[in-house]
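Across the two complexes that follow, subunit A remains constant while its partner is subunit B and subsequently subunit C.
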Partner chain A sequence: MLRFLTGRLLRAALTIAMVVTFAFIVLRLSGDPAQIIMGADAPPEAVEAFRAAWGLDAPLWQQYLRYFGAILHGDLGRSMRDGRDAITLVAERIPATLALTIPALVIKLSIGIPAGILAALHRNSLLDRLVMALAVAGFTVPSFVLGLLLVLVFAVQLGWLPSGGQESWRHAILPIITMGVGGAAVLARFTRSAMLEVLGQSYIRTASAKGVPWRDVVWGHALPNAAIPTVTIVGFMVGSLIAGAVVVESVFSWPGVGRLLVVAVGNRDLAVVQCILLLVAGTMVASNLVVDLLYGVLDPRLRAGKMGAQ
Partner chain B sequence: MQRRDFMTAAGLGLAAPALAQSDTRPSLTIAVQKISNSNTLETPREQSNVGFRVSSLYAESLIGTDWLGNLGQVPGLATAWRRIDERVVEFDLRAGVQMHDGRIMSAEDVAFSLGGARLFGGASAGREPPADALAVARRTFPGFERMEVVRQGVVRFVNRVPDVTLEGRIAQNVGVVLSRQGFETAENWQAWARRPIGTGPYRVAEFRPDVALTFEAHDSYWGGRPPARRIRFNEVPEVASRINALLSGETDFATDIPPDQLPIIERNARFEVVGSAVNNIRVLVFDKGHPVLRNPLVRRALTHAIDHRMIIESLWSGRTEITRGLQLGFFGDMYLADWENPRFDPAEARRLLREAGYRGEAIPYRCLNNYYVNQTPTAQVMVEMWRSVGLNVQLQMMENWSQVVEPGAMRGIRDWSVTHVFSDPVGSMLRAMGPLGELQRGQEWTNAEFNQLCTALESSTDRARRRVVFRRMLEIIEREDPGYMVLNQAATFIAKRRDIRWRPARGWPMDFSAANLGFGG
Partner chain C sequence: MSLVQIRGLAVSFAGQPALRGIDLDVAPGEALGLVGESGCGKSVTWLAALGLLPGKARVTGSVRLGGMELLGAKAATLEQVRGGRIAMIFQDPASSLNPVHRIGRQITEALSLHQGLSGAPARAEAKRLLDAVGMPDAQRRLDAFPHELSGGQNQRVMIAIALAGRPEVLVADEPTTALDVTIQAQILDLLQGLRREMGMALVLITHDLGVVSETCERVAVMYAGRIVEEAASGQIFAHPAHPYTQGLLGALPPLDGERRPLMAIPGGVPEPWAMPPGCAFAPRCPHARAACLQAVPELADLHISHRAACILAAEAPVLA
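So, the complex of A and B:
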């Protein structure tokens, strides 16, 4: 188990190092932060002063080494645009994002999984077709289109809910629904597929033939076996909690991590982008690790296989 | 604390809610694309349309600008000013101006604001302004020597060298008057820059960068009690979301509306779109370093191939104007009213290309996606107009400014705009195109005679001579050896509730003072 965990952690560290390096190269080669942040009308001497103040006039490899070294010492740097520590800026935005993504995740799970199970259990019925039609619609409509549609109906036409901002809990309803609908659709499709595959297995037929009540067959045999692909998707969704609302936060003017990321990338504000990427990579890696561990819990064969390997 | 002070404070504390309740003035909410570029409200760091929009709400200069009128200079925090000589301007300060912290503006506040650590550095650790802010200040006041407090109520701005444009420079928002005490007691520069203490009609109540900026009425404002109790600027980056926020009644104003969205708003009787041309001119910049554009005949052909009037009528519905070169009417006696832009003449363009020996070589044109209003459709139309005379201009969409100005063989034509920061060519032509301007510092264009004329324009105090010099400069940079081509005067469109009486300025600032805001009808 220790070797397994060590291996995963080393791979995670390598992944994060590659993410940091990739982001540095892409951001620094695609624009000069000084020119972008100072704007089109900035006097050249102001742009040069900005470059010098932030060390942007040094060779790129020196900037990279300095940045990477700082990260290794736990210093994620300061925002060139804001002047404050990048970690402070990002930390300020996390609660706003979680206020959307956690309720949205609850919606995804509470609608997507039951809908997928129901559709699989009633395969080819009207219910199945209805669920799948809605799932396809929810899956294919981009979130910015869905968000604007919801705003047009519920804010502009009916006047029931605000169209954007973060002043009250009512402002969170439409963005949460926008995110929840798309994720629920994805989960419903995956859950249905997984359930259908499991329901076609011989051990399900055997259990039914032995006279095990159908409910017990579903709960005791089908669901645990079908859970593995669903857990993988859920793990991905949990990993996206921090920065999974980029588009929705922009459409609804919600001041979360996603919007901060958009602004930071636009300004080539490297420290902030890197800080968010590290956070996202960290949560994604942690989430995948938990999912890997859950595989063992859900499927005894995997557990036995790992122990056998050890 | 003395017993009397305690009782007074307690009384004020109890009375405050009652006073707030009795304030029946409406509040305003405004959806903007961006509140602040630098996440501060300190004017040297906010030298763009974004910062100009709000700065006059909280801070003012000694010399004001008639934003609703002819953009001329009007009394601001100074009631009068006079030239002592070609280097010195003396100001009579407005008496009894209360700052947002309750103190009365003093001559020391003025001297600090225009000549102290805020603009020129030397503050204690933690309060030193960023290097780029200091660079902007030096650029605004390149010849600054010192501020003199003659006596309480009278100050002098002393320049090292003669400069006819001093009043214009001082009228810019870089030199707004802010509280010296506020600066010196702030926790650090960032804290100061996020809540500057000025004299404007509204004081900064709360600033949440990238989210909202809230102002409260400064009831002791010298220009009259502000008509709105609070003004909140909400940052709404998406244009569709800004329009939705307006139509749903959540905001009273929505700014930065592109012309193609105007009919959607104007269909609704409750709203209207107001807009006006502002003190900014859109131009196309030519890179003389590009192998094809090195030949001025090709650049001249580019200028003759564009039907600007057609673009204004079709893409702008006639809502802006074509300026006479890089100048605006508010230049006063420096305005050359008879100046003509290169005329639309496809035949002349073709003739010039033949003379230049142009063989259809590609000319890159770097463009951002609607950073400027109508930028992309204008670029697409122009590319077709150029094609019709035989010019092979290749549109290259860029993501940011850095990519647009990046030197190299692939830089040929690019979009830009020039703001006229004060009423003299020095505040636009020289600032942008002169030897120290972006155009020449970026090695896109230079001309020896033009640069000599720049020196004459900046240093001469003979107005008649300056007019001659300016005309010759225009001849060089717009006709003979084109460095840019004027497109149109920039315009801003603001959607608003029809029942709010408000007029847009002829610049970026939004004026919500008693003189320009009313409710009902």
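So, the complex of A and C:
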């Protein structure tokens, strides 16, 4: 168990290091932050001074080493825009994002999983076709299109809900629905195929042949097995709680981490972008780790054998 | 008086017949072999009887247990019968057990359903059953998962689960096909012993005539969804009446005497959508005549408890 964890943690650290490196390279290649932040008309001396102040005049490899070293010491840098600590700037936005993503996750789970199970249990029925048609529609429509459609109907036409901003809980409804629908659709499809796979297994027939009522076959025998593949996708959703709302936050002008990212990329505000990417990679890696541990709980075949075959 | 009485049982999947009218009786305590090649309907017969076929299967006819009709019976009735009066074990024991539940739990589940046992008494009974099926170190095995056991041990667990309901009939669907030969013999001995001890009937579904000859008192041979011959074990091996049975026996390698080339039955089983109008075996039969292609031959008595569905067999004198 300890070896398993150490291995996983090392791999996680490697993943994060790669994300950090990748972000560094892409951002440095994609434009000069000094020029962008100071503006095109800024006098060359001012731009030079900005470069010197932020260490942008050093060779790229030195900047990289300095940056990497700082991260290892827990220093994520300061925003080139307003000079505040990048981590403070990002942390301020996290509650707003979670206010959307957590309710959206609840919607995904509470609609997606039961819909998938129902569809699988009534395979090829009208209900199954309806659920699958909705699911295909739900995950093929991009979230910005769905978001705009919802705005058009509920904000513009009916005037029931606001189209953007963060003044009250009513402002959160449309973005939450927009995110929830797509995720629920993905989960419904995943759960359905996991259930169908399990329902076709011999041990389900054995359970029925034992005289187990169908309800208990489904709950006691099929679901625990179908949960194993479903956990993967749920883990992915949990991992994107903090940064999974970039598009939706932009559409609904919701001041969360996602919008901060868009703005920071536009400004080449390196420290902020890198801080967010680090956060994204960190949460994703952490949730993957939890999923791996959960596999062991759900599937005894993945646990280290206590008894071993004879 | 037979315990299970199957009459005119027919099953079709999406309009394609898989089982085309089966009459079969199982007497209390007897060992019946159901023989035939893959796809002839051996397993389907019993899955249909217990209502275990998928919903898209169309099942007609009658299956009576004691006086009770099973086809179309209420779910609650069938749940009492399944594992309670008729238990079934399957071909591949490793995939027939739930991989995420411990062995003990899978046995006690059946005990709670059919004996009303739970908690410590159920666990004690589960241990006793594992001992009865010859599981070494039964107490510890209760906490094992199926993947921690060998194929033979898993089949013993399946048998223990089947015994939990003290069934009157145990249907063993190719119970040894997935196991290696030494384990096969052990499992068959175990089934024989348990049958005698518990006085339950055993229906052994297999394509292995050797297994049947050692284990069963009576044999029914199936071909393309029908029973083509039925007789006492000794009788059918000594004097097979149906050309298909003769072909099957001719394909068996002799254990002693001179080595001879094995006989093969030419051709293949007709597909369900291309059944010949008369006897399904006629296209492969060395003795087929025009009449064989006209009508499906009835299963007719040739001798005391020896029946065959062949017009030639009905004409020929039967040796006994």
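As a convention for this text, the second predicted complex is superposed on the first by the 303 of 310 C-alpha atoms of A that agree within 3 Å, B and C clash if a C-alpha of one lies under 4 Å from a C-alpha of the other, contacts with A are read in each partner's own complex, and residues count from 1 in each chain.
Simple rule for what comes next: contacts are C-beta pairs under 8 Å (C-beta built on N, C-alpha and C of every residue); 3 or more make two chains touch, one makes a residue touch a chain.
No experiment lies behind these values; they were computed from the predicted model shown.
Student: Should A:P300 be classified as contacting the first partner (subunit B), the second (subunit C), both, or neither?
Tutor: second
Student: Applying the touch criterion given at the start, work out whether A:G211 contacts subunit B, subunit C, both or neither, answering first, second, both or neither.
Tutor: second
Student: Scan A:A133 for contacts with subunit B and subunit C and give back first, second, both or neither.
Tutor: In the superposition, A:A133 contacts neither subunit B nor subunit C.
Student: Based on the superposed arrangement, let me know which partner A:P224 touches: subunit B (first), subunit C (second), both, or neither?
Tutor: Only subunit C; A:P224 stays clear of subunit B.
Student: Once the structures are superposed on A, label A:V47 by its partner contacts, choosing first (subunit B), second (subunit C), both or neither.
Tutor: first
Student: Check whether A:Y203 is in contact with subunit B, with subunit C, with both or with neither, and answer first, second, both or neither.
Tutor: Only subunit C; A:Y203 stays clear of subunit B.
Student: Between subunit B (first) and subunit C (second), which does A:V26 come into contact with in this model arrangement: first, second, both, or neither?
Tutor: neither
Student: Comparing subunit B against subunit C, which has contacts with more of the residues in subunit A?
Tutor: B
Student: Going by the contact rule set out at the top, does A:G159 touch subunit B (first), subunit C (second), both, or neither?
Tutor: A:G159 contacts subunit B only, not subunit C.
Student: Once the two structures are superposed, pull the subunit A residues common to the subunit B and subunit C interfaces.
Tutor: Touching subunit B in the first complex and subunit C in the second, no residue of subunit A appears in both lists.
Student: Would you pull the subunit C residues touching subunit A in the complex into a rising list?
Tutor: These residues of subunit C touch subunit A: 50, 52, 75-76, 79-84, 87-88, 90, 92, 95-101, 109-110, 113-114, 136, 140, 143-145, 147-150, 153, 158, 161, 165.
Student: Help me check something: in the complex, which residues belonging to subunit A touch subunit C?
Tutor: That would be residues 201-203, 205-214, 220-221, 224-225, 298-301, 305-310 of subunit A.
Student: What residues of subunit A sit close enough to touch subunit B in their complex?
Tutor: By the definition above, subunit A touches subunit B via 30-50, 52-53, 81-84, 148, 151-152, 155-156, 159, 162-166, 250-253, 255, 259-260, 262-263, 266, 268.
Student: Would you tell me which residues of subunit B are touching subunit A in their complex?
Tutor: Within the complex, subunit B touches subunit A at residues 37-39, 47-48, 130-136, 138-139, 190, 208-212, 234-238, 240-241, 244-245, 247-250, 371, 399-406, 416-417, 419, 431, 436-438, 441-442.
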